[in-house]
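Two complexes are shown next, each including subunit A; its partner changes from subunit B in the first to subunit C in the second.
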Partner chain A sequence: MKEKKENNKVSTSLFRKRWKKFKSLKRGYYSFLIILTLYLISFILPIFIGRDALIVKYNGEFYFPIFKYQSAESLGQNLQGEANYRLLKKQYQEEGGDNWVFMPIYPYGPNENLLSELEGNPPHPPSSEHWAGTDDRGRDVFARLAYGFNIGLSFSIIVTLFAYFIGISVGGTLGFYGGKIDIFGLRLIEMWSTIPFLYTIIIISSIIQPNFILLTFVLTLFGWIGITYYVRGEFYREKARDYVSAAVSMGAKNKTIIFRHILPNSLTPVISFAPFAIVANIFSLVSLDFLGFGLPPPTPSWGQLMQQGLVNIEYWWLIATPLVSMFLTLLSITFIGEAIREAFDPKVYSRLR
Partner chain B sequence: MKPENILEVKDLKVKFPVTGGLFLRKVAEVKAVDGVSFELRKGETLGLVGESGCGKSTIGKAIINILKFSAPDVEITGEVYMRIEDKEVNLLELTRGEIREYRGMIQMIFQDPYSSLNARMSVGQIIEEPMLYHTDLNKKQRTERVSWLLEKVGLQTEQSKRYPHEFSGGQRQRIGIARALSTNPKIIIADEPVSALDVSIQAQVINLLQELQGEFDLSILFIAHDLSVVEHISSRIAVMYLGNIAELGPGERIYHKPIHPYSKALLSAVPLPNPKLKNKERIILKGDVPTPMNKPSGCGFRTRCPIARKECADFIPELEIKEEQHYAACPFV
Partner chain C sequence: MTTYFLRRFLLIIPTFFGITLITFLILQIVPGGPLEMEIMKIRMGGQTKGSESGSNTGTTQNIPQSAIEELQKFYGFDKPIHQRYLIWIGNLFKFDLGKSYVYSEPVLDVITSRFPVSIYFGLIGFMLTYIVCVPLGVYKAVKNGSTFDFLSSAIVFIGYAIPGFAFGALMLVLFGGGSFWDVFPLGGFRSTDYESLSFTGKITDQIHHTILPVMSYVIGSFATLTILTKNSVIENLSQDYIRTAFSKGLSEKKVIFGHALRNSLIPISTGLGHAVSLVLAGSILIEKVFNINGIGLLSYDSIVQRDYPVVMGILVISSLLLLIGNILSDVLYAIVDPRIRFK
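Moving on to the complex of A and B:
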């Protein structure tokens, strides 16, 4: 009976084993959970942070401005264009009627000019209403930081995915076919890698206004080279292993050998490097935004905030908040990367626990 | 091809070019196998022994034609005939696509049980894989056959869901054997299947191979460097030195009365398990094995041979019959 139980024990694939190891590395695992949660939340951010009310009850009818544009007039507000829900809320409260407005927890949008509601000149220092103050155009810094997080992380994940797709395809081809393809392919890659990518982007940006797609494209174009060398090396090594010979000797086709045998065994460097590549891409975007060659205004971005902070150095929150956010984000992702690397390390010794 | 043979190797030569310089020109070549001929009879086990680097594994890989995959520049000449039902096929003439349909008939067991199984696949998937290419069994039939094979090699059916890293070396080698048998092959090339295992496990695996040989009607080419292992399993033994066969004959005879001076030296190096019995005479060869990149002229063994003469440098000795069924490549013994 006991023996039977032993046999029925759930068998662990290599991936599951590594996932278990990853989970045991608390620092990386919790960083992963935090970043994942924040990132998922950032997709539904308007529910938590935004200028549009979630629900408005006006004259017995319900409106959902978060999904649908409502003009100020239609809600009884004496304004042109879209309703200002914060003012509307006050107005309803003063009227004391049946109408009410349900706002997000943090009722300020990232691109919203608050000068009409705030006294004095921007930037305004942090307060209980504006947790991280406002920037030089009177926009709420905290909201901009939060929206910038989603944009930055999405951007770098997309770039990493595309770049790795190209890198793995090219590296795999070079490593698998070897010979002349490998020699000439590598020389071409070396030539390509000598193009300085930041300058290229700056040149492109100064000719045409960059947007999300263009920046993704250009960063992908220069971001795939690093992983290519690793995948090529992995393919070279795995190709010479006996299990691949066994697959050849049982009559598997090249396609099967590549996708069923070599590729799954060559992904260790890819997975280990991915978090660090994401970090690097966030950093690239922040740098470009900082230099003014990144995403077009008024896209909320950390780099742009830092640039403002540099110009208005006496307003500390403009530089401190984006720096701290970036530091924490990059640190957490680096922790994740570290734990993944550790989990994929075949040698069993660990200092990260 | 004689009717009792299932595999005939004729004048097999395998050369690996050594490239160098900026444009990877060929600067030298390694003659890993330099004109080898032998035949494998139906149902027998032919042992192929020799020290490391003598080309025995290369022969195995050349026969099942997997050398070109990892070393596309390799030059292979000669003929390898395999009997399939009533046809004779020269395996070396076929392209990789054409040979595919015969792959199920001839399978290999690899030396290193740790690298010969794909770590990402479960044992069931590993054993099932050859069936995907060579049979049209459906999923259920394949799963049944996997369970049956697992039992045949002494593992449990439930273990098909496990992954290779959960098994010991001996168990992994059994999985390798089950995989090789999954398409019902006629010929098995066992490339040092036990040299990576503990001695106690070696015996188990070899006995398993012997049992399965009878049951599956296999002809085995058993490659090894350990004479005592080969003697136990083989009906005939071929002794290789530096890419050539030095001696070929019935196992008993080679083991107890070797003819070729190299076989004699090799046998005298086999340790005796009984300490009371002393080795009669331990022949210690002088020098090292010459590199196959720069082989001596004439007989490859002459630089270390205790009975070498001047003439040995002039011609390459061919296997000649010495006794019944017993050949040696030396005219002076």
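Moving on to the complex of A and C:
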């Protein structure tokens, strides 16, 4: 029992040491804070960006349309179906009176067609109202970019997690047991990894209209291989170390050896590799959306906007704005990855001379 | 060692069968293949004809069973799937990949006719990457921590965070004559009037069409190769043998180029093995953006048009090249680094 406590103490201090090192790498640390904050905010995005009013006061009663559907009639608006809160706000202002509408800071939704409120044909160039213009169906690009951020990042984090789970399990098994399982497994993996991945996904999703779950599944199917090689190599190496022999000679079960001893020691390259895997998955999703084989419309997506922009390059904002968003996101995550890698790397390179 | 590589080459065979089997199954089992598409086309055609003549015969035109059977025979769907696979493999050994549904030409001809374009861009991009990145990486390693190192890292990372095709799209917006400057053509491999141009005109036209796509091709690989070179050199510079070299009085130049560089290039040279894949270097995305008629665009079109023989053909060639490239990399590794012993 005492020994266990000791162990924990050592491992936390190692983690703390790395965390301290990570914090000292300003570029990566601030990127991490920014991405984390933006990602957390993106889960409550309707409060900031959306078409539904947060609070409506009508005839002395309060309504919260962001949580509950309100028909236009029930709020005194002369429209069919759901109320249009931007128009409602204007209407109340013109009426004077006690009624008011409290809108999100950016009062446009990602899937909302704005043609009835805008003059001319879509896409509309950026303006003070629509910061990034509108797309070819008159939907607000800025809102779509913001919602697309959440979807893209969530997607790639989920794919990375699943791929890691499979990769660590398979790689660990191959590396730990070795022998015939290893040879046979490696053959299968080589086969699998030689199949051109983007190509096959396009084949699959050109035939079946993919949804979020299917696309996660397919990308995971092809995403676990790289990490498997890593983990297999690590397990192979760690297995030959003295501490494992010690554990074996003390009569530890395989399960204990794998999960208590080898796994924690072989996770370092895996963890420092994760941000780059996330970058790669965002990249894949954008590419697929761009080719039209990604998430089904009307899901807000960066790749789909760029596809629209490429059809007619005079609509520069349809390419430039998703590109800038993607660039900033990928750059920050790459910085995080660099910092994590450096924090986990015990080697100090100093030039000898 | 020879036996090791011989075994590796023999192992290509089962791996290759596995790959083709998997993709063949995917293509044949999932619905919406060429047969279904053709039947749907006929149904739609029948429907419009029916409504034109005014006879209200119903929503779907029934196709006679004999016609469906004929179509099945044309696409080879009249036999069970394992037979179809065996036939396909049998033909493969005779270098017969079948006939394209769309181009009505042998698949091999369709694919090889696209090789020159893809090789052209692949080769230029490949050479450019190595010529720029290796010296840059070495210089950055020597000047590690300097302003130049920091600035070039920043530029390289910026390039890394922009996907090649997105960069290409941005370049087209800026320089393709949309709302901004009209400097470069919108795409294509050459101008349509290429044949009528003078010799110098041909060269400038070709270069004109090359610059933007090549930039898009190399932008991503710049970061990887530069950082790889830099890290490799730095690691070698902190080895004991460098200290020995300095302490015996060698000049800095000699130490870096004579000792450190040679060892640092080992991990980099292995990438050269994949040069065989240059034939298929065409990226679907970049060729789609620039509308270049290479392998990438062909593979995209063949999927969209359900031209399965071409799809399988590209898969066969690309996976074979990849497998051979893997082995070549290992061979190079063994040649460059005499310490490596494969067994």
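Everything that follows uses one rule, which is that the second predicted complex is superposed on the first by the 336 of 353 C-alpha atoms of A that agree within 3 Å, B and C clash if a C-alpha of one lies under 4 Å from a C-alpha of the other, contacts with A are read in each partner's own complex, and residues count from 1 in each chain.
In the analysis below, contacts are C-beta pairs under 8 Å (C-beta built on N, C-alpha and C of every residue); 3 or more make two chains touch, one makes a residue touch a chain.
In this text, all values refer to a predicted model and were calculated from it rather than measured experimentally.
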Residue contacts with subunit A in the superposition, subunit B compared against subunit C: C
Partner chain in contact with A:S287 - subunit B first, subunit C second, else both or neither: second
Touched partner set for A:P264, first subunit B, second subunit C, both or neither: first
Touching partner for A:E119 - first (subunit B), second (subunit C), both, neither: neither
Touching partner for A:P196 - first (subunit B), second (subunit C), both, neither: second
Partner chain in contact with A:A240 - subunit B first, subunit C second, else both or neither: first
On subunit A, positions contacted by subunit B and by subunit C: none
Complex contacts: residues of subunit A adjacent to subunit B: 7-8, 11-15, 17, 178-179, 183, 239-252, 260-261, 264-265
Residue ranges of subunit A touching subunit C (in the complex, touch as defined): 187-188, 190-192, 194-196, 198-200, 202-204, 206-208, 279, 283, 286-287, 290-291, 306, 309-310, 312-314, 316, 319-320, 322-323, 326-327, 330-331, 334-335, 349-353
Contact set on subunit B toward subunit A in their complex: 24, 61, 64, 66, 69-70, 72-73, 99-101, 103-104, 107-108, 110-112, 115-122, 129-130, 133-134, 156, 158-159, 161-163, 165-166, 176, 179, 183
Subunit C residues touching subunit A - in the complex, by the definition given at the top: 11, 14-15, 18-19, 22-23, 26-27, 30-33, 144, 157-158, 160-163, 165-166, 169-170, 172-174, 176-180, 186, 234-235, 237-240, 242-243, 246, 252, 255, 284-285, 288-289, 299-300, 303-304, 311, 314-315, 318-319, 322-323
